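The chains carry the letters A, B, C and D, assigned in the order they are written, with residues numbered from 1 in each.
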Amino acid sequence: MKKNLFRLCLLFVLVVVSVGTAREYFPDLPDYQPLLCDFHMLTLFSDGLVWPTVRVDEAQREGLDAIALSDHIEYQPHKDDLPTHHSRPYEIAVERAKQQNLLLIRGAEITRDTPPGHYNAIFLSDIDPLDTPDFFDCLRAVAGQRAFLFWNHHTWKGVERGQWTETQDKMCAEDLLHGMEVANGDTYYPLAHEWCLRRNLTLIGNSDIHQPSTDYRYAADRHRTLTLVFARERTVESVEEALRAGRTAVWYENQVIGREAFLKPLFARCVTVSQPHYINENGVAFFEVKNNALVDFELKARGQTTPATIAIPAHSTVICKTKMPVEKNEATLSYTVANVLTEPGKGLPVEFSLLSGNTK
Amino acid sequence: MKKNLFRLCLLFVLVVVSVGTAREYFPDLPDYQPLLCDFHMLTLFSDGLVWPTVRVDEAQREGLDAIALSDHIEYQPHKDDLPTHHSRPYEIAVERAKQQNLLLIRGAEITRDTPPGHYNAIFLSDIDPLDTPDFFDCLRAVAGQRAFLFWNHHTWKGVERGQWTETQDKMCAEDLLHGMEVANGDTYYPLAHEWCLRRNLTLIGNSDIHQPSTDYRYAADRHRTLTLVFARERTVESVEEALRAGRTAVWYENQVIGREAFLKPLFARCVTVSQPHYINENGVAFFEVKNNALVDFELKARGQTTPATIAIPAHSTVICKTKMPVEKNEATLSYTVANVLTEPGKGLPVEFSLLSGNTK
Amino acid sequence: MKKNLFRLCLLFVLVVVSVGTAREYFPDLPDYQPLLCDFHMLTLFSDGLVWPTVRVDEAQREGLDAIALSDHIEYQPHKDDLPTHHSRPYEIAVERAKQQNLLLIRGAEITRDTPPGHYNAIFLSDIDPLDTPDFFDCLRAVAGQRAFLFWNHHTWKGVERGQWTETQDKMCAEDLLHGMEVANGDTYYPLAHEWCLRRNLTLIGNSDIHQPSTDYRYAADRHRTLTLVFARERTVESVEEALRAGRTAVWYENQVIGREAFLKPLFARCVTVSQPHYINENGVAFFEVKNNALVDFELKARGQTTPATIAIPAHSTVICKTKMPVEKNEATLSYTVANVLTEPGKGLPVEFSLLSGNTK
Amino acid sequence: MKKNLFRLCLLFVLVVVSVGTAREYFPDLPDYQPLLCDFHMLTLFSDGLVWPTVRVDEAQREGLDAIALSDHIEYQPHKDDLPTHHSRPYEIAVERAKQQNLLLIRGAEITRDTPPGHYNAIFLSDIDPLDTPDFFDCLRAVAGQRAFLFWNHHTWKGVERGQWTETQDKMCAEDLLHGMEVANGDTYYPLAHEWCLRRNLTLIGNSDIHQPSTDYRYAADRHRTLTLVFARERTVESVEEALRAGRTAVWYENQVIGREAFLKPLFARCVTVSQPHYINENGVAFFEVKNNALVDFELKARGQTTPATIAIPAHSTVICKTKMPVEKNEATLSYTVANVLTEPGKGLPVEFSLLSGNTK
C-alpha cells in the first residue's frame, strides 16, 4: 500500500526509504577498501524476473557497494510483452542508485553459444554497438568503449565445450579479455582459477541472479557470490582501475579466493592474534584470535604447531592455548588457512609470533 | 545461471523446482481446512515490481494455498515500457501455478480516489469490462461476473475520507460489497473490523505486496498478513464458497482476528491442554499446554484462575501448574486469549477442565 | 531473581514453569512412538558442571522424552567440595522430572581405563554394588539388577585400544553387553556400527554432555546426538523393552542411523510423496515431496530415475518433476536416502510410484 | 566426552578452549571503553545451579568483560550436599578467568528480608566478615574492605516494602551505599532510576542469573541485562574507579539507561549521520544513518524535522531523505532517541546538521 499511496497521491512524505547494513563483511586494507561488487545480474529486460530498480534495492539492502546490470543482448524472452532497447535497464535504475548511494555500472552479457560462450562487458557507454552478429566485431565494439570484458561460467555447457581455445588466445592477444568468473552463483571453476593465475586475468565472482534476491541477512555461508574489489575510493572509476590492475578476490560460500598479494594483507586485517594474556605454571600460553570478517576461518597447523586446528567463527574471538618452548621466550605458530585459496586447493600460509614477556 | 541455461538450451533437465513448507501454520478444523490466502498483490502490470510468475513462486515458497493477482485497473506506471491489457498477469502466471500446485485466482483492483476508494474484485472471468469510468457501472460489471468484491485499506487517505457512507450503503443494498480488509500489510483497521461484524461482511487480510517478498521463513511475528479461509476442499471453488459464507479469519502480526464461531474451534485445535501428569503432595497439579500453530498465544486468567498468564510460544509445549481445589476432583481454568480477537480489543474466552483422577 | 524470590519467600506463586517443544522431530510409526532419549550425561556429582535438576530442565526444554543421569562411579573430581554417594543425582532430580513430565532413568558410567573402557548401565535400582574393583564383578552386579549395559565411545583412547577383544566376547557370552554407542557427541563410530549389526547389539547415540546444554532451538544439523527409541508407550518400561528388542535408531548430526527394519517405516512416515498434481502436455509430471521430520533428507537417484537428486529440507515440501514414460501410466522412482544409514556408508533404498491417472 | 577425556587421561591436548565474540556491542568512547559487566549472579554455592567456572565460560562466550560472583551469604539451599565457606566460588573460578581473559571480581549478596532487602558488595577481599547478624555491622565490614555496595531489585517484595527509608539515608550518610540496580533480569525499576539520579548513586544493571545462561547469540532484544562501565582500561581497578565515579549505563532489553553526560558521547559513537550523498532536483537530500551498536535505535522527530521517525536496526545503515530548506544550505534535524533514557520516560535529545554543499 505505501508505495501505491506515495505514487498516486504525490504527497510529499519523507520516510526512511531502505535498510542496509553497517556490519563489516571485510575490514579495510592499509591502502584499499574492499568494495563488494556483483557484475552479473538480470532484469526483466532479458531473462530476469524483476524490475531494474529492484536490483538496486536488493544490493543496498545487502550492503553491496557496486553492481552492474548485465542483461543479455541476444536473449530477451519477455520482449513480446516488454519491447525495449538495451539502454533501458540502466536508465530506469540510475536515479534509484543515486538515492541508495550505490555505484551503478552499465553492463551487458554477450550471449553466444559455447564456444565461445557468454561474456560480460562492463563500464560501457552504449550497448547498442555490441548487438552485432560477428563475435569479434562485438568484442571490438567493447574495446572501442574501453570497457572491461570477462568470460562467464565457462563450463555451463560442459567442461569440454568450455575449454580455453585459440579464440581466447586471440582475445588475449588483442587485449580483449580481462577477466574470468572463477565462481558464479553456487559453482566454483578451478580451471578458470588456474587460467586467471597463469594468464594474468582478473578473478571475478558474481551472483548471475535471475530471481529476486531473498537472503539479505548474510552469514559466512549465506551470501551472494561476489567480487571483492580492492579500490582506492568508493567510486565507479576506482572499481574500474582496480579491476584492470587485477586487485580482486572472490567471496564464494565460506571461501575467499584470490592472489596471495591481496589475500595476505586482507587476512591480516580480518584475523588478529593477541599476545598471550596468561601463561600458566606449566608454560601453557593462552591467547586470543579475533575474527573481524564474515567468514568462518579454518586454520590447519603446519609442522609441530599447536593447536592443530583453529576454527574462528565469523565476528568472533576464540581463546587458544599453546605450549611455549621451554628454553625460549618466543613461539612461532604456522598455519594454512584452509578456506582462503591462493590456487585451486591451496590455502594461504600464515604465521603468528607469541612472546612470553608480553603477558599481562 | 541455472534458469538461463535451462531456457537457452532447451535441455530437458529434471530438477527440483522449488521449496515450500510442510510446517503446519494452523491445524485443520473438524470440518474445514484453514487455507492461507492472499487476495491483494501487484505485479509489473501495474505498480508492482516483479513478473507475475514471481508471485506464484513466492506464495508456494511461503506455503500459501491461494493467491489473487490484483493489478490496478486504472493505474499502470510502467505502461510506457510494458504496454499490455488486463488479462496478461493471469495468463502469464497460470501455467506456473499449475506446476506449483497453487490456487490462482483472477483479480483486479478497482482504483478510485477516496471516497469511494479502492476495491478488489476476485474470481473474475474478464477484467476488461471493469475498465469503465462510472464507479457503479464497474461494480455492476463485477456483479455480472458473479465475482466477490471487498473494500481495501479504507483509511489510506486518512480515516476521515475512509468513512462508511451512503455509497457503501448503496453497495450493500445492491449486494455489490462482500467484504473488507481488516488488515493490510502492517496496518490493522479496527473500524473495518467493527463494520464487518455489524454488517455481516467477510473479514479479509492481505499483504498488498508491491516489492518482491523476501521473508519466507515465517515466524509468529514475521509473515504476510493473510486471510485464513475455512474451506471444505483445497479448490478455487471452495475458497469462493467460504468467502461468501464469511468463513475466514485474518492472520495479522501475532494476532488472529475473526468471528467467534470459527475462532473457537480453530483455537481448540491450535492449543491442547493435557490432564495433569503429576499432582504433588500439596495438591499442585502440573499439566501441559501444547501449541500446534505458528502463533505465540497469550492467555490471561479470568477470575481466580492460576496461573495468571500462560504464554505459549508457537509450536511449543509449556508446563503449567495450578492448585487443585481441596474439596473437589476438578479445576476449571478460565482464560482470555489476548491475541485472538473476536471484536476490536476483545480476546477469545476459553476454558479448560482438569481432573485430578487422571494423573499418571 | 525469580527463583530466589520463590525459594526465599515461600510464596505460593503459580507460574508457567518451563517451555519445551511441540514440534515433531520425528512422526510416529504405525506401532511405535519414536521417543527421544539421551542415556549419557554428567552432573556435578562426577565431572559435569551442573546440578542434576538442570539436566531435567534442559531435556524438557529440548523436547526429549527420557534421560539417564550417568555420573562416573570411579571419577569424581568435585568430591572434595561435594562429598556424596552414588544415589544423590537421581534423588535430587526425580521430583523435578515428575513435574516436567520427563522419564528419568537411574544410570551410572562404569569408568575403567581402556581396555576395557567405559560402559553405561541404565535402569539400575542401586548403583553402590557397582562400585567394586573387579570389572566383571561390577558387570555381574549390573546383571543382577537386570539393568541394560552399553559400551561408550569405544575409540576414546584411540581406535587401537578400543578394539573388540576377548573381553567383549566374554561379556556377550554371559549376556552382559547389550548395546554400543554408535555416536557420542560429535563423533560417529563406523566400527561400532558394524559390530552392533554383526553381533546384534542395540545401536545407541548419546550426548555425553558435561557442560550446560545451550542449544535448545533444534535444527536438522543442530541438536544433541540422541537415541530414537521405538517404544510402545511413553514409559520407562517401554523404553527398556524397546532397548532390549533393539528397536532404536541414532540421530546424529543430519543423519539417522539404524536397522533397515525400523528405518524403512520411519522414513515412510517422515517423507510422503504425492501423486502428480499436474502433468503438462509434454508428459512432465509435477508432484510434491513432503518432509515431516527435522532432518534435511538427501535422495540420490538409482538407475534412470529423474530428478537425479531430491533435497528436502526439514519440515518442508519440494515440488519435483519427472517425465512420465510415454507408453505407460506409471513411473517408478528409485532413490537412495544418502543420510539414512543402514550400514556404514550405505543409504536406505526407497521407491515411489507415480500414476498419471491421479492428476487433479 | 572431550572434557572427560582431557581430565581423565591427563593428555596434553592443546585445543581451542572457547568461543566468544568480536562483534562490537558498543563502540569505544573518546576516553573510555564501554566494558560489559554483570555484577550479580549465583552458583551452586548459594541458590544458583551451576559450578563457578560455568559463569566464567558463559561470560566469555557472550563477550562480557567482567563479572562478579555474588552468592548469597545467608541463603545456601544446597549446603547439605555442598558444605563450604564463602571464598570457594571465587577460588574455583579464578584460574579459569585468567585463561579466559575475563575480569573476575569477588562479590557477595547480603541477603536480609525487606526492608532493608538485598545488597551486593563487590571488590571484596574477604567475605567472611560480612557473615554477621547485624545489618550495619555487615555494611561496615564492607566499608572496611573499601568495597562497593549497591542495592538489588528494590521492589522484589513489592514496591511498598522496597521504599527508600531512613535506613538508606543512614547508609548514604555513612557513605555505605554507592549504587542501585536500575534493572535486574527482565525488570526495570523507574523509582530506582530516579533515586540514582537524585542521590548521585551509580546506575547498575545485572542478570541475577541462577540458571545456566543459554542465549549467547546476542541480539538487540536478546541479551543479559548488563552494566556498561565506561572504564579507562580493561582492568578490575578501572572498573572500580569508573563505578565510584558513576560512569555507567544500563543495557536493558532494547534500551540504554544512563546519565546524559555519558549517553551523549556514547550515542554519537553508536550512530553516525552522513552528509547528503545525493540531493535531487526538488531539493530532497538523501543521507545515511549508520548504527554501530547492538541496539535498534528509535528516533522521533522534534518540531518540523522530517522524517518523523528514524528506526535504525542494530549494525545497519538506513538511507533517509529530508527536504533541504529552499533558502539555506543547511538543514538541522532534531530528534529524541526514544530508547536511550536519561530519566524515566525521557529520551536523549540529539541533533544532526546537513549541508547541501557536501553532496558527492
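Everything that follows uses one rule, which is that a residue touches a chain if its C-beta (ideal position, glycine included) is under 8 Å from a C-beta of that chain, and two chains touch if they have at least 3 such contacts.
Bear in mind that the values here come from a model prediction, so they are computed numbers and not experimental data.
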For C-D, find its twin among A-B, B-C or A-D: the pair where over half of the contact pairs carry the same residue numbers.
-> A-B
When centres are defined as mean Cα positions, the distance from chain A to chain B in whole Å is 40
Note: chain D residues in touch with at least two other chains are none
For this structure, give each pair of chains that are touching.
-> A-B, A-D, B-C, C-D
Could you please specify the touching residues of chain D with respect to chain C in the complex?
-> 1-5, 7-9, 42, 44, 47, 49-51, 53-54, 57-58, 72, 75, 77-78, 81-82, 84, 88, 92, 111, 153, 156-157, 184-185, 187, 208, 210-214, 216
Per the touch rule, the chain D residues reaching chain A in their complex are 12, 14-23, 60, 63, 95, 98-101, 277-278, 280, 284, 286, 288, 290-292, 306-311, 313, 315-323
